[in-house]
Amino acid sequence: MTFSLGDNSYGKAECRLVRVVRDGPRHEMIDLNVSTSLTGDLADTHLTGDNAKVLTTDAQKNTVYAFAREHGISTIEEFGLLLARHFVATQEPVHGARVGIERYSWNRLGDHSFARSGGAVRTAAVTLGPAGAEVVGGVRGLTLMNTTGSEFHGFPRDRYTTLAETTDRILATDVNAEWLFTGLDADWDAAYTAVTGALTGAFTGTHSLSLQQTLYAMGGRVIETVPEVAEVRLSLPNKHHFLFDLSPFGLDNPDEVYYAADRPYGLIEGTVKREK
Amino acid sequence: MTFSLGDNSYGKAECRLVRVVRDGPRHEMIDLNVSTSLTGDLADTHLTGDNAKVLTTDAQKNTVYAFAREHGISTIEEFGLLLARHFVATQEPVHGARVGIERYSWNRLGDHSFARSGGAVRTAAVTLGPAGAEVVGGVRGLTLMNTTGSEFHGFPRDRYTTLAETTDRILATDVNAEWLFTGLDADWDAAYTAVTGALTGAFTGTHSLSLQQTLYAMGGRVIETVPEVAEVRLSLPNKHHFLFDLSPFGLDNPDEVYYAADRPYGLIEGTVKREK
Amino acid sequence: MTFSLGDNSYGKAECRLVRVVRDGPRHEMIDLNVSTSLTGDLADTHLTGDNAKVLTTDAQKNTVYAFAREHGISTIEEFGLLLARHFVATQEPVHGARVGIERYSWNRLGDHSFARSGGAVRTAAVTLGPAGAEVVGGVRGLTLMNTTGSEFHGFPRDRYTTLAETTDRILATDVNAEWLFTGLDADWDAAYTAVTGALTGAFTGTHSLSLQQTLYAMGGRVIETVPEVAEVRLSLPNKHHFLFDLSPFGLDNPDEVYYAADRPYGLIEGTVKREK
Amino acid sequence: MTFSLGDNSYGKAECRLVRVVRDGPRHEMIDLNVSTSLTGDLADTHLTGDNAKVLTTDAQKNTVYAFAREHGISTIEEFGLLLARHFVATQEPVHGARVGIERYSWNRLGDHSFARSGGAVRTAAVTLGPAGAEVVGGVRGLTLMNTTGSEFHGFPRDRYTTLAETTDRILATDVNAEWLFTGLDADWDAAYTAVTGALTGAFTGTHSLSLQQTLYAMGGRVIETVPEVAEVRLSLPNKHHFLFDLSPFGLDNPDEVYYAADRPYGLIEGTVKREK
């Protein structure tokens, strides 16, 4: 044989789960999207189609819903840990599990009424393997804008550089962040609030000379204010807002009228790590 | 010739416009998506390609951005009226105009900092023709859920009916609403707040025997509380949340664990009109 | 009461149905998205929540799947007629039905193997009411481009017109077309092939002075070549391809390098009708 | 300082480029989406906002369009190598570059007319660093279905397993594949044709006992038939088609009527490597 099996995994993606807690007239409600993925002794099904070691993805899905009933859902980080540990503990051929969860945000309107808040989605990714478990918290779709306080100049000019320097531009991004926890016993909800607060505070509070500088300030603020975070990875699209040229119409444009572009967009990515 | 030209229109769709007001350290910011569409004496360009009467869609776009500078943007309803009237007044071959605008919602974070709030998008559609102007306000993407207070029973059972009756289900929908104003001098911002408040209040406050009943209550509440609205059209997807059957695992499910389905979905549509 | 119920309807949207015909080793496969919508004597459920006249949307869904078994699916137009007639014929309170169907295209790879072809989606909308039935065929997502043979000039220049005239541009669009059939006994498959062939042939074969001219040529070609079509409605986005300005780099650009823009885009809409 | 900068990169994402070759009446046309990303000596801009080493993302975009004119585009793999080498060779602080390209497929309709074919998108990812260059070819959105020839049984049954065993099911997937080339001098176009042919051939030709088995057969077929490929990574969603239960209506369902589900879905991922 000229080929062999490399890394592989399988699971059930995007189990849409709504969990209601009805202990009294005032309900709690949690809205999740849960994905599971298992690794382990899976060569047989690939090589011969022998499924004796393949816990079905359907059973993985059932487990998600059953655990929501049996154990409730405190936080997505805990729920991910619970699921990952279950699969590895109960299925001998399964040596590792990854559980990814998105939590959609809703605002309370009444005892049993809610409005989806849109915007930022909280995420968690739990990875469990022979070396132990890792928890990564995250947020995506947190869209921020500063209408001033952003400059961009001093860059090199090669043959293909035409961009004008600016001392005042709109800076806007969709924050996509993932942060690795140092351990497994953080106060997950408090950490989420603290991290997103740090990200937002550093974005709005930094007089920016480049989106890279802002990124580093955001990541640094997280490290400084949330001791349970070991490192934070940021992916920040530069959502360009171009001043519309109104001069053909005899009008000036003192940084007031912008065209919000779709594509292309800048993409700034970086990790900020806690010093050991 | 065996064929002829029927209804036709043309314009520029989806001009993404961000307007900043910088009168002092505290900026205002408005984020819009503007689409224009013109009708009129347009046979020539269709039949012969003679464009002498075709105000270019590029010029329509330029007008959107220039007017944002020249006139500012108070409300999307007023901005739509301004644009529609301009095209019809200044271009002899143009007899009608439709301007559709979406406004994205942002929360203030500071003097010049904002976070997009996601969720509901405010819309306006202004139609100007020989008979005058009409303004339609709207909202889309307003996602609401009641975790109880919804029943569904008493329906007929034909050969293909298998649905169980229920006295307690989740009721969830994405409200898409459009309301026709009685005139052109409403307090547009106040009306938007009042209409969306009425929609939300009636959704959460109605003990529902069908989504149709809820729709009618929502529309009626709008008519009752917002005198400037002549009629309201609602399109309400029934976002099904199915109780997950946990009995194979020896578990009950007392209305707590749901699968949130994507497709198919119910779709309930109706108009509620003010009695003359 | 200050308000009353206006137009209303309800149904099940987006029933994803795959129908396999297994009469022998060579399978046939049809991939559909079916939406139903009913109108009629529906005031009770809106006003009081009395559902005695409400055939459930769940039953409508079941009917779609059951009819696929009982009657098979010859064409989406026939299947839509069958469903619409069933609902009106069997439910006394139901006075009208609208069935919308999308058919996704697959290419055969073998006796029981297929590859989805992407691109154009065939649609049908059947409307049945007291005045009888109407069938509208359609196509969406048919993306066409001419790299030359398109001019645009001779347009008026107002204060906001800056567009340069051109005698050679890319013309590209996503064809969205709907055609009303004159009757209910067309050869639906042949008509679809003929209409889409006419649309494509007229787009590629017309030396264009405006997208409006191309639209009219496309619609006219359909009327001329498909006698079962009474009128055709076209919605054609002008997918702008802008010549990239390479002069800052000392390069010319003889109509070779383009930026394909997303938004805004022109939108040309019109109906071409058979002369009586 | 308690934190430091980890891995980072920046670039311009999604430059939509259409390149026409007009050497005669018969035009060639290539439709791309190009993303660039650079790494290197970028600490200054993060730490202090000093941009002296930051080739602007705007210049990266300009380079993409200028190179399309200066060098033409033979294949996306070559174009990616050209761009990556340029950035690293000409910018001293830039030590690495990644260029990702998508190529959309169009069918020729005439000398200068094309129809977008939808479906599969060809991709390339070129990574250039101190250790040299790597080219990864790819395809996404290749949607395949077998209406028979797929079984799934013999799996373990834990407390949460309810799935019935089957000896005949629909197997459908969207193939997302990436293959690492052994070198930089492959016949890129021939390789793409051969790889996608191998993937399709193995999918349709494998009597499947699990999607994992099919994945391994697909990867193995690529390795066997395309010597320039070192390994292939496959991500295969199991697009579930569930037999619709027609028994409540007194109907059987001999593997003919299916509900095509959206979410959740199985997700099978694996790499197949050439043996050294």
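Lettered A, B, C and D in written order, each chain numbered from 1.
We take it that a residue touches a chain if its C-beta (ideal position, glycine included) is under 8 Å from a C-beta of that chain, and two chains touch if they have at least 3 such contacts.
Bear in mind that the values here come from a model prediction, so they are computed numbers and not experimental data.
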{"item": "Set of chains whose contacts include both subunit D and subunit C", "value": "A, B"}
{"item": "B-C against A-B, pair bridged by the larger set of C-beta contacts", "value": "B-C"}
{"item": "Interchain centroid distance [CA atoms averaged], subunit B/subunit D, Å", "value": "37"}
{"item": "Subunit B and subunit C: spacing of chain centres that average the CA atoms, whole Å", "value": "23"}
{"item": "Centre distance in Å when subunit A and subunit B are each reduced to the mean of their C-alpha atoms", "value": "30"}
{"item": "Shared-contact residues (touching 2 or more other chains) in subunit A", "value": "15-16, 62, 66, 160, 162, 248-249, 262-263"}
{"item": "Contact footprint of subunit D on subunit C as seen in their complex", "value": "15-22, 27, 29, 31, 62, 65-66, 68-70, 106, 109-110, 112-120, 141-149, 170, 200, 203-204, 241, 244, 246, 248-249, 251-262"}
{"item": "In the complex, subunit B residues that touch subunit D", "value": "159-160, 162, 248-249, 262-263"}
{"item": "Residues of subunit B touching subunit C in the complex", "value": "1-16, 35, 37, 42, 45-63, 66, 90-91, 152-156, 158, 160-163, 208-210, 212-213, 215-216, 219-220, 223-224, 231, 233, 237-238, 263-275"}
